[in-house]
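Each remark here refers to the structure printed beneath this line.
As written, the chains take the letters A, B, C, D and E, and residue 1 is the first residue of each chain.
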């Protein structure tokens, strides 16, 4: 038999049935469609982005046009409401639906980008501090302590006196004041992860610190990171309102959900819809982001693949 | 370990010093306190006179060093607005703040731990979805919103709790729920995500092979391992609660440090801002130190040197 | 207490020492007093001195927990020693800056004992193996891919398995991933911490043969830590026997097995199970009883004394030093066997 | 020694991964009698661990038992509820896992983890449990058991961790002990002790043991019966004496030949050439055909059945097809 | 209702148990009456201290500590004090105390009330019950000043004994109620002073709480936690109307919301036509009707009815003519519109943000391109005080003296510099003359004339006089005052 002469390394048959890895985009789409919540999340997020982009075309009314004869009209399905103003009107008689539609733009922009900025800063600081430890950790963490202790409004006031207000400024300010949460959460996890064997293994290869942080530590903290950042979008959207209020960001007649919510505060007891619908918009958007985030978290965790398949049951 | 502790405690001094300096610069840069003390139609000369009288005309460094000089003696100076010593003003508020912070933390923990664990165990079921929705709601509902609604529902319509103010335990319930839910939202999500990660570990399988009940599996073996991010958030939130429960304090007319601090900032009331930040910083540093110590307890592999 | 181990230059063509370890020790502090001074410490590795010649394989065997992994980890500086010296190619590793060390790491690789925890659960196997190549810029792009696939096959894995994650492999397969990672860079010295104990014999044989082949081709030097005495015996040129953090015997493998000096070594050899059910012995009758005392401070005398069948008063009181009983055959025993 | 304690019937366990189905265990059947030690040997990755995990219903998520029965004392474990199976785990059937570090919870002391099992299945108080645990640690040869009782897993050496696992598994005198490479991380002197321990337990409590190992020396010392697995299937099963004396399957032969022996100095160690095919890419026909020196056309086309031979052995090989018995024997004697 | 839950020791109740609980929007900042300047503070001080004069419920000045007075010349005033007035510690109130108090507030320039008193030059004790005050010029507003909280009389001897700090911690006055405790940002508690010189106080205990959130305040009122609440914003009115057991009480304030307009050379609003166009473009009546449900008065002056010197022609009136506004803009050479930056506060005055947004919309309608800067209070005040206002800034100004002189100073060159940069020779002269004029009739005429000119030239464009709104429980009787101060004993509870 010719079996003896078989080369050691060849396995002709084995490769035959191999699936070639498909195009990444296709693969991700496939993965997304496998997850129900992931799909819903994507639909919501795409929907919100669509609304933001085409707000002016979609909005049934001019969001800034006040109509003093239509003040505080309730939503259509409540007695006294009309489908002309489906979600009712506010204290200046403006159409709440249109304001929500147009407000999407600012809220989404600020909500997402300031979280990204804060997240990036926090991620870098947290990983560096946790990984290197020692004096660097001490200095960075005391910096975090200081940021926690000094009220951010002080920084904001100073920013205000130096810079021209704009959305970019708003994003930067929120980013610069909110990174501490990420930094501390990330650092806490890094402390634990850096003691794992595989980090040691990588060190023994001579891997640079940077690579260890990027390839070994970072992927193992994404999960907590995704969770906090997705939720923070909600807080940031609301925070935007209070900072705009200080004169940092947008001004009427521009609208944002946060501002609508804050304005509606005074009418909670009497005209609930003013504050409720922008709140609902925030909740839906953030839910979408969270669903997407959870899905991403699962996909990134090689061991959690079950949830996306029928497999585990 | 002892060395570590001592070093951490010693660090407090320079940190507080730096914080004081930064705050001084910020308040100084943030604007003129006198403008905010006098009514709208006070004239410029009135304001100038008051600035002069309060020593606010001195150059920055002179002001700063005189402040530090007093600070070393433990004197934060006197509030511009109320003409009272700043530190007692802050310390007077501290119990109310700590009381509220503790109560909110308890609410958060009571809500977050079972919900987070439950939603991790029921991952991707309808229940999980509801809990996720709930956390988003908890996070997206601003404190004023929830606070006012709670007052309307449980103090005005059904008169179960007092509307506002501080006093009995009953007074604590609504504000603590208001603050606690937001924190719980975040914690729930974090617990869920780290639990999901832990459920895949080999030692969970080991525990299962011993035949432990589900609750032991979850609450003992998995939960403890998932606590690091949760403890971090708790530490952070305590810090926030000490300084930033402003909105809730306002809604419930709760006389805490948050209200004081924000009024002081809005009034550029240097002494009070300094005293409040100082006290808050001290608390934050201690809480964070405790957090770091808790890490060690939670994960014996972590070591500090 | 500490005896200088004079390592003689071998007359053969081997170019001399690649690695020299002098008085290396690691003490784990177990508890401290109020002043932060250690009161109880565990001497995981105590005053180990040895030399490894270029191109040879030094086997290290010994009781579990006797400090083999700790020793290996100290050589690669993954654990900072409490004292001593590690000289690699005439350079003291312990005094190197991190940056210098990182360069040296290319030449010193490690195969880890625990195959799973030393693999990042979130990295694909391909990336795990590619990491050292990338780190030191040895290969990129296509050539990297080729090299990794080659490595996968060398250790007996399928190239298609590169895109899987560690948890999808069996214990032995994981170990092979670790081996592939370690040999990827053609290092000069490989510290193998039980690289084959999780492998089935056929793969084990393959790997051992592979290691030997690589050694011949690339002039590699191995420190081979293992429990499987037959395997260690098979691959090693010299073998050091450790007991409670110390080397108790060190000799060429022929001498170690034929002219065993230390009773512990003898015990080890006798305990090896023989793959023939007909030769089943009653193990209860075996030479070595009991277990490592595990006392953090084992006292004055010979550390093996409590378990030694030949222990005398002398052994209890005085600690034997590692002496050269025959050419190149060291043992730490007052009453060497043969 | 005749009553069957565990009967595995046509067990198949598959992993449903992103890239397709991985059939790690296929159609595996075997029996473990009361007080018997059955060794499972086989190529790494051939499904030994998955088989044992399947018995305890512990296969992790993407994996699922897709067919077969597992009868323990006549009850089908695959049909039990979580609550029922929990009563069996750790108590009646306990398991020693292969990965000693990751299988211990990093945040609890080893003492805590051992006493947990004890208190779960035995009516003892804390103090007693602690005493028992220390006693167990001592039995498994843990140095200074009192001290190590309060150590964390990461403070122990690999072998020590393994012994903790063993202590845990033995704590409740199980009827069936599944030991997945229990001594690989141990040095030989301790290995001897542990093996003795297993045997003692087996004799004293009539415990049955499934011993998964690579070390044919250990098999020879311990086992009553040996199951050889390859590519997710059983390829040979025989009484330990016969198996070592007269291995039949080419794979088994290869295994025996690759074992390094202590009492002779080999120049080279024989090994089975080639790679183990991965479960999702198993060749058609006999799984071993890619590496088998005797492979025939038939082997590439059809997978032989596991056939019971007259001497009570089972074998899955075309060489031993009844009709061609003689021919096979001729080949073997070559 | 669950009595236990709703009481926090500070509860009012539906039957008169002799306690009174008032909740206001913010807390007192100090217990030093001479360093306050806030209505919230005055509501406490008014009842804890006494002053030489006070405003009665008809907004007439009445003697309180003073028995009688006499102006001996343009700059000298002579006051006779009532006898038998005692401080809460029992010490008699004498001319020494009056001298001590007034000298403190007229010399200590760190006190917030100081600016009002700097015209006083000297206070002389004539005898135990007679003092003489000398001013640095004719001071027609003397009695108004003496009715401010800065003129509250503090006990000289006591303060000299314990020190000012201690006094501020435990203030002692001679008013009907004495200090019990102050929990900052929570409440001030007072008890009746039985030996009050003007009769026995009505209430057994008065608590003034600070509840910043309006809906919480209303909630407390509805549940009976408090008897009276101040500052009920328009959005809560409907709620008060619909709930049983509570009632909305509407009052007035001296605060007028107005737009300050830059007349500075080079700005578009330097052109009077543009200013007029702005005024004509804004429909004040619509704002008042829609946002304030009619509970505010459109005005064209800063001096509302009830304040000395008010011009009745400019009260409760407005000009609105959109077409004419557009035409004016065209005439002024801005057919394509005018860029305006409009600064306004949000949260400082009731519905100020909404008003600003409405005005922006109205101006846009008329062809202005408005850039609205809506700022939170401290940022707003910062801009305002730094004269960073551009074309328009909306502000609410009150009258602390209830005298037109207080308001109209804004139209003098010195005061307007940097802010509106308004200057009118006639206004300048009229204001100066009036300030020295001790003839009330003439003085009032001069002020009315100034207001006419201002309404025409529009350095300020007036919007409306703010209303004051209180919520009370049904069993409480309460009539609000123009100066928003509450005298506890004016209230009644069934």
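The rule we apply is simple: a residue touches a chain if its C-beta (ideal position, glycine included) is under 8 Å from a C-beta of that chain, and two chains touch if they have at least 3 such contacts.
Chain identities (UniProt): A, B = Peptide/nickel transport system permease protein; C = Peptide/nickel transport system ATP-binding protein.
Because the structure is a prediction, the values reported are computed rather than measured.
Visitor: I need the common contact partners of chain A and chain D, sorted by label.
Guide: For chain A paired with chain D, the chains in contact with each are B, C, in label order.
Visitor: Going by the touch criterion at the top, tell me which pair is linked by more C-beta contacts: A-C or C-D.
Guide: Higher contact count goes to C-D.
Visitor: Centre to centre, by mean C-alpha position, how many angstrom separate chain D and chain E?
Guide: 90
Visitor: Can you work out the whole-Å distance between the CA centroids of chain A and chain B?
Guide: 22
Visitor: Quick one: report the Å distance separating chain B from chain E, using the average Cα coordinate of each chain.
Guide: A distance of 37 Å separates the two centres.
Visitor: Got the chain D residues that touch at least 2 other chains?
Guide: Counting only residues that touch two or more other chains, chain D contributes 15, 17, 19, 60-61, 99, 101-102, 154-155, 275, 277-278, 281.
Visitor: Residues touching two or more other chains, restricted to chain E: which are they?
Guide: Only 215, 378, 382 qualify.
Visitor: Two or more other chains touching the same residue: where does that happen in chain B?
Guide: Expected reply: 31, 144, 148, 152, 200, 202, 299, 301.
Visitor: In their complex, what parts of chain C are in touch with chain A?
Guide: Counting only chain C, the residues touching chain A are 73, 76, 78, 101-106, 108-110, 112, 114, 117-123, 127, 131-132, 134-136, 153-154, 158, 160, 163, 165, 167-168, 178, 181, 185.
Visitor: Mind listing the chain B positions that touch chain D in their complex?
Guide: Touch residues, chain B against chain D: 200-203, 205-214, 216, 220-221, 224-225, 298-301.
Visitor: Given the complex with chain C, which residues does chain A contribute to the contact?
Guide: 9, 11, 14-15, 18, 21, 196-208, 211, 215-216, 219-220, 300-303
Visitor: Hey, which residues of chain E end up touching chain A in the complex?
Guide: It comes out as residues 214-215, 218, 233, 235-236, 238-239, 286, 290-291, 346-347, 353-354, 356-358, 360-361, 371-376, 378-379, 382.
Visitor: In the complex, go through chain E and note every residue touching chain B.
Guide: 1-2, 4-10, 29-30, 32, 35, 37, 108-110, 112, 114-115, 168-169, 183-187, 209-213, 215-216, 219-220, 222-223, 225, 377-378, 381-382, 384-386, 395-398, 400, 406-407, 409-410, 415, 418
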